[in-house]
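By written order: A, B and C. Residues from 1 in each chain.
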Amino acid sequence: MAVSLAEIVARFGGELVGPGNLLIDGTGTLVGARSGQIAFLANPRYTDQLGSTHASAVILGPEVAADCPVAAIVTPQPYLYFARLSGWLYPAPAVTPGVHPTAVVECHVPEGVCVGPLAWIGTDVTLGEGVVIGSHCRIGARSMVGEGSRLHGGATIYPECVVGNRFLGHSGCVIGADGFGFALDEDRRWVKIPQTGRAVIGDDVEVGANTTIDRGALEDTVIGDGVKLDNQIQVGHNVRIGAHTAMAGCVGIAGSARIGARCTVGGGSIILGHLEIADDVHISAGTLVGKSIRSAGTYSGTVPFLEHREWLRNFAHIRRLEAMSERIRALEARLATLENRP
Amino acid sequence: MAVSLAEIVARFGGELVGPGNLLIDGTGTLVGARSGQIAFLANPRYTDQLGSTHASAVILGPEVAADCPVAAIVTPQPYLYFARLSGWLYPAPAVTPGVHPTAVVECHVPEGVCVGPLAWIGTDVTLGEGVVIGSHCRIGARSMVGEGSRLHGGATIYPECVVGNRFLGHSGCVIGADGFGFALDEDRRWVKIPQTGRAVIGDDVEVGANTTIDRGALEDTVIGDGVKLDNQIQVGHNVRIGAHTAMAGCVGIAGSARIGARCTVGGGSIILGHLEIADDVHISAGTLVGKSIRSAGTYSGTVPFLEHREWLRNFAHIRRLEAMSERIRALEARLATLENRP
Amino acid sequence: MAVSLAEIVARFGGELVGPGNLLIDGTGTLVGARSGQIAFLANPRYTDQLGSTHASAVILGPEVAADCPVAAIVTPQPYLYFARLSGWLYPAPAVTPGVHPTAVVECHVPEGVCVGPLAWIGTDVTLGEGVVIGSHCRIGARSMVGEGSRLHGGATIYPECVVGNRFLGHSGCVIGADGFGFALDEDRRWVKIPQTGRAVIGDDVEVGANTTIDRGALEDTVIGDGVKLDNQIQVGHNVRIGAHTAMAGCVGIAGSARIGARCTVGGGSIILGHLEIADDVHISAGTLVGKSIRSAGTYSGTVPFLEHREWLRNFAHIRRLEAMSERIRALEARLATLENRP
């Protein structure tokens, strides 16, 4: 598929600098693009890559437009422009509707739905228009998957769960497994608490590979519209995540945490249970959130690292900070005594 | 299924305050329960939710019984009582025994066992009575799965592993993959060490979604009776976990660690290899356990977090703690000199 | 299979101390081996286990050879010797070539390849000689898997990815899922950026259970030859990992990080995006790498832990390190004033 710069600008806006009939057949980075491709410059740090680019055109901001040696589309938000253009140039691959003969389907499948090889869909599952179920997926009884949703191979939805429209679930994601709920008995053995809630997921949610979202214990686990979860994330039972919040890989969220809308959570962070995080909160990577955050803002607990011998010398003191503080206090008292000497 | 409070008390004990013939058809939270449901109050923090509950009855402790505006079951351990009642009201869904025609089964299947669609079970696998194998599960040759065990869709058991009775394995869990064992050769390439041990799992163990338990290198990896592992946990080769230990999500345990009985490990903690943790040890979330723990107790290495600018100001000092300590030492020496001045 | 010590030494070298015709039928640890097995002593810490071993022979270094009460093979690198011997004694189990009748294969399968039950292989996939595809694996269209590679049950390769020769992928690993790329629009909603790069994996790579390696956004994600990744690792889009680098479980690597050759990364470490790590860098467990590392060496950010009350007393000071530093500075100034008093 090749499109002209004029067509692109007609569809997505922006100011065209260069020939409208120049054809674009793909996207690339400033460094890696070949002739025929369009690149973008969103981070001023990379401005010096403009000079040597082989891209035929570049999407960039007005402040660097003058530096562009090739055709340009000038827009205040080059990265967003690139995202939209790229989504148009590279739509999700078309699939042939129909149920593969090796799939096991125990529910009604609307026309236009595609069920891949060796998938299993249980009884009374509701599938929306245009749903695409990959190979080896399994969907438990009475669940619902909204229109235009797509499950990649090997994704799991447990029974009674609800997934909104335009959901994208990657391989190995698991929606609706039991939350982790046990009571200790008199002999200190764990007695399981049945997890009778559901996992309920809004529209336009993406869930990465091997990410797990547990069903609720008594209430539901609820993921808001537009939430994006990277790979290997764990969402505990009864958690609520507000709309348009995004989390990077390896995040863990313990049960009953309530996370606001439009938050971002950096990779490897852990959010403890039964706490609340306000809207518009940004958590840096590797942060352990152990208490509620009531105000929008950025919060960090990321620990610095050091060359190993420096680490040995410095980190051991973390275990003696109280003593260090006491020594300072003692010094202050002794010094005051001295200062008050006549 | 509706049961009377009298039936409940007859079965599980406790002191009934209210009409024995009141019918209960489900469980709920104090806030979310509707009429006909029974809730519980285990944490005194939520006592003020009693006043407005729509639950028909509440399980609670004697110290708050007087505050309950509806029927009550009074018991010293409301949460445990609730767990047992809930397990009775919500048993695991019944399954129809038999092997689904799309399953591939190369071993003997006892009567009463259920093998779901598209599952694969290898040669010489031993399945106990009442085992339920979900869709797309795979069980390698010569493994054993004890009676009453249940594997959710897409669970994996590698060859030669042993799983006890009443095991519950969630989707995507992997039992018995190779441990991570390599030797460096003269050219600094890794030479794989065959992992010839097994993963051996006791009775009444639950393993969460996408949790992985490696097989042993030379000896076995051994998980004790009653152990409960949440989602996304990694258990390395040769690890031993004592009976009734529970671990929250995203925990990583390196090879050959020996963990005692009745321990708890908070989410995201990492336990390094070749160390020992005593019985009855509790590890806080986000803790890195880098050396053995010889005594029961609670241990923590959880790092606090701060608003980002506060973090910038404070955490950078971690890299200079040795210098800070030196400055205190120097101050102490100088101050002593001053103090000794005549 | 039983082999004589003479055969072993003829094949792998080393100095034999003892009878060449002694037969060995397996490997074990010094403590666990029974008669007929061969053990090894690589760590001098375990030298005192030599005296009571039931192994028939031990692989060990020259410095402890005199202490060995049974037959010995003396070599400067006992662990490497053991790895090689063990690989010979315990080869990967032989498989019967051919495509299982329940597999769905839409590409050409060369003779000698084994495709397990219920696997799915898409169109135009290229499989090398001797490839073994386990049950329930899925391989997307146009991908390539090099000769001698082996995918355990339930592994996933997305379309257009490239996997080298002798690859070993464990159950639940996912190669080539979408990277995590979104732009914020004017309404603070996330617009997906199609991930048009591939995941390209070299020769002799091992990928653990439930590990995920994302495809690139515009360029490829590239894993070098001989890289070994443990379980539950997340590798973001566009990451490059140099040859013979090894990473322990639960590591997370954010997008576009460039990691050198022959590195090791300890369990649970997080490497942030868009940074570079030199060759021969070793990262301790639980370290967050937040900036580039330009020189070979060992780097750590592992936080110590404490008994809980000690933790309470000490870790809270991390939030007040700036104030502590200020108090020291103030003391230094006041002390200097005092010292300068006549």
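What we mean here is this: contacts are C-beta pairs under 8 Å (C-beta built on N, C-alpha and C of every residue); 3 or more make two chains touch, one makes a residue touch a chain.
All values derive from a computational prediction rather than experimental measurement.
Novice: Between 0 and 180 degrees and rounded to the nearest 5, what angle rotates chain A's CA atoms onto those of chain C?
Specialist: It works out to 120 degrees.
Novice: At the chain A/chain B interface, shared numbers over all numbers used: above half (same) or below half (different)?
Specialist: different
Novice: Using mean CA coordinates as chain centres, what's the chain A-chain B distance in Å?
Specialist: A distance of 25 Å separates the two centres.
Novice: Quick check on chain C: which residues sit in contact with 2+ other chains?
Specialist: 102, 118, 136, 154, 172, 210, 232, 250, 302-304, 306, 315, 318, 320-321, 324, 328, 331, 335, 338
Novice: For chain B, which residues are in contact with chain C within the complex?
Specialist: Per the touch definition, chain B meets chain C at residues 102, 104, 118, 120, 136, 138, 140, 154, 156, 158-159, 172, 174, 177-178, 180, 182-186, 188-194, 196, 210, 212, 214, 218-219, 232, 234, 236, 250, 252, 254, 268, 270, 272, 283-284, 287-290, 297-304, 306, 310, 313-315, 317-318, 320-321, 324, 327-328, 331, 334-335, 338.
Novice: Spell out the part of chain C that touches chain B in their complex, as residue ranges.
Specialist: The touching residues are 26-29, 32, 77, 79-80, 82-84, 86-87, 89-91, 93, 100, 102, 116-118, 134-136, 152-154, 168, 170-172, 204, 206, 208-210, 226, 228, 230-232, 244, 246, 248-250, 262, 267-268, 285-286, 302-308, 311-312, 315-316, 318-322, 324-325, 328, 331-332, 335, 338-339.
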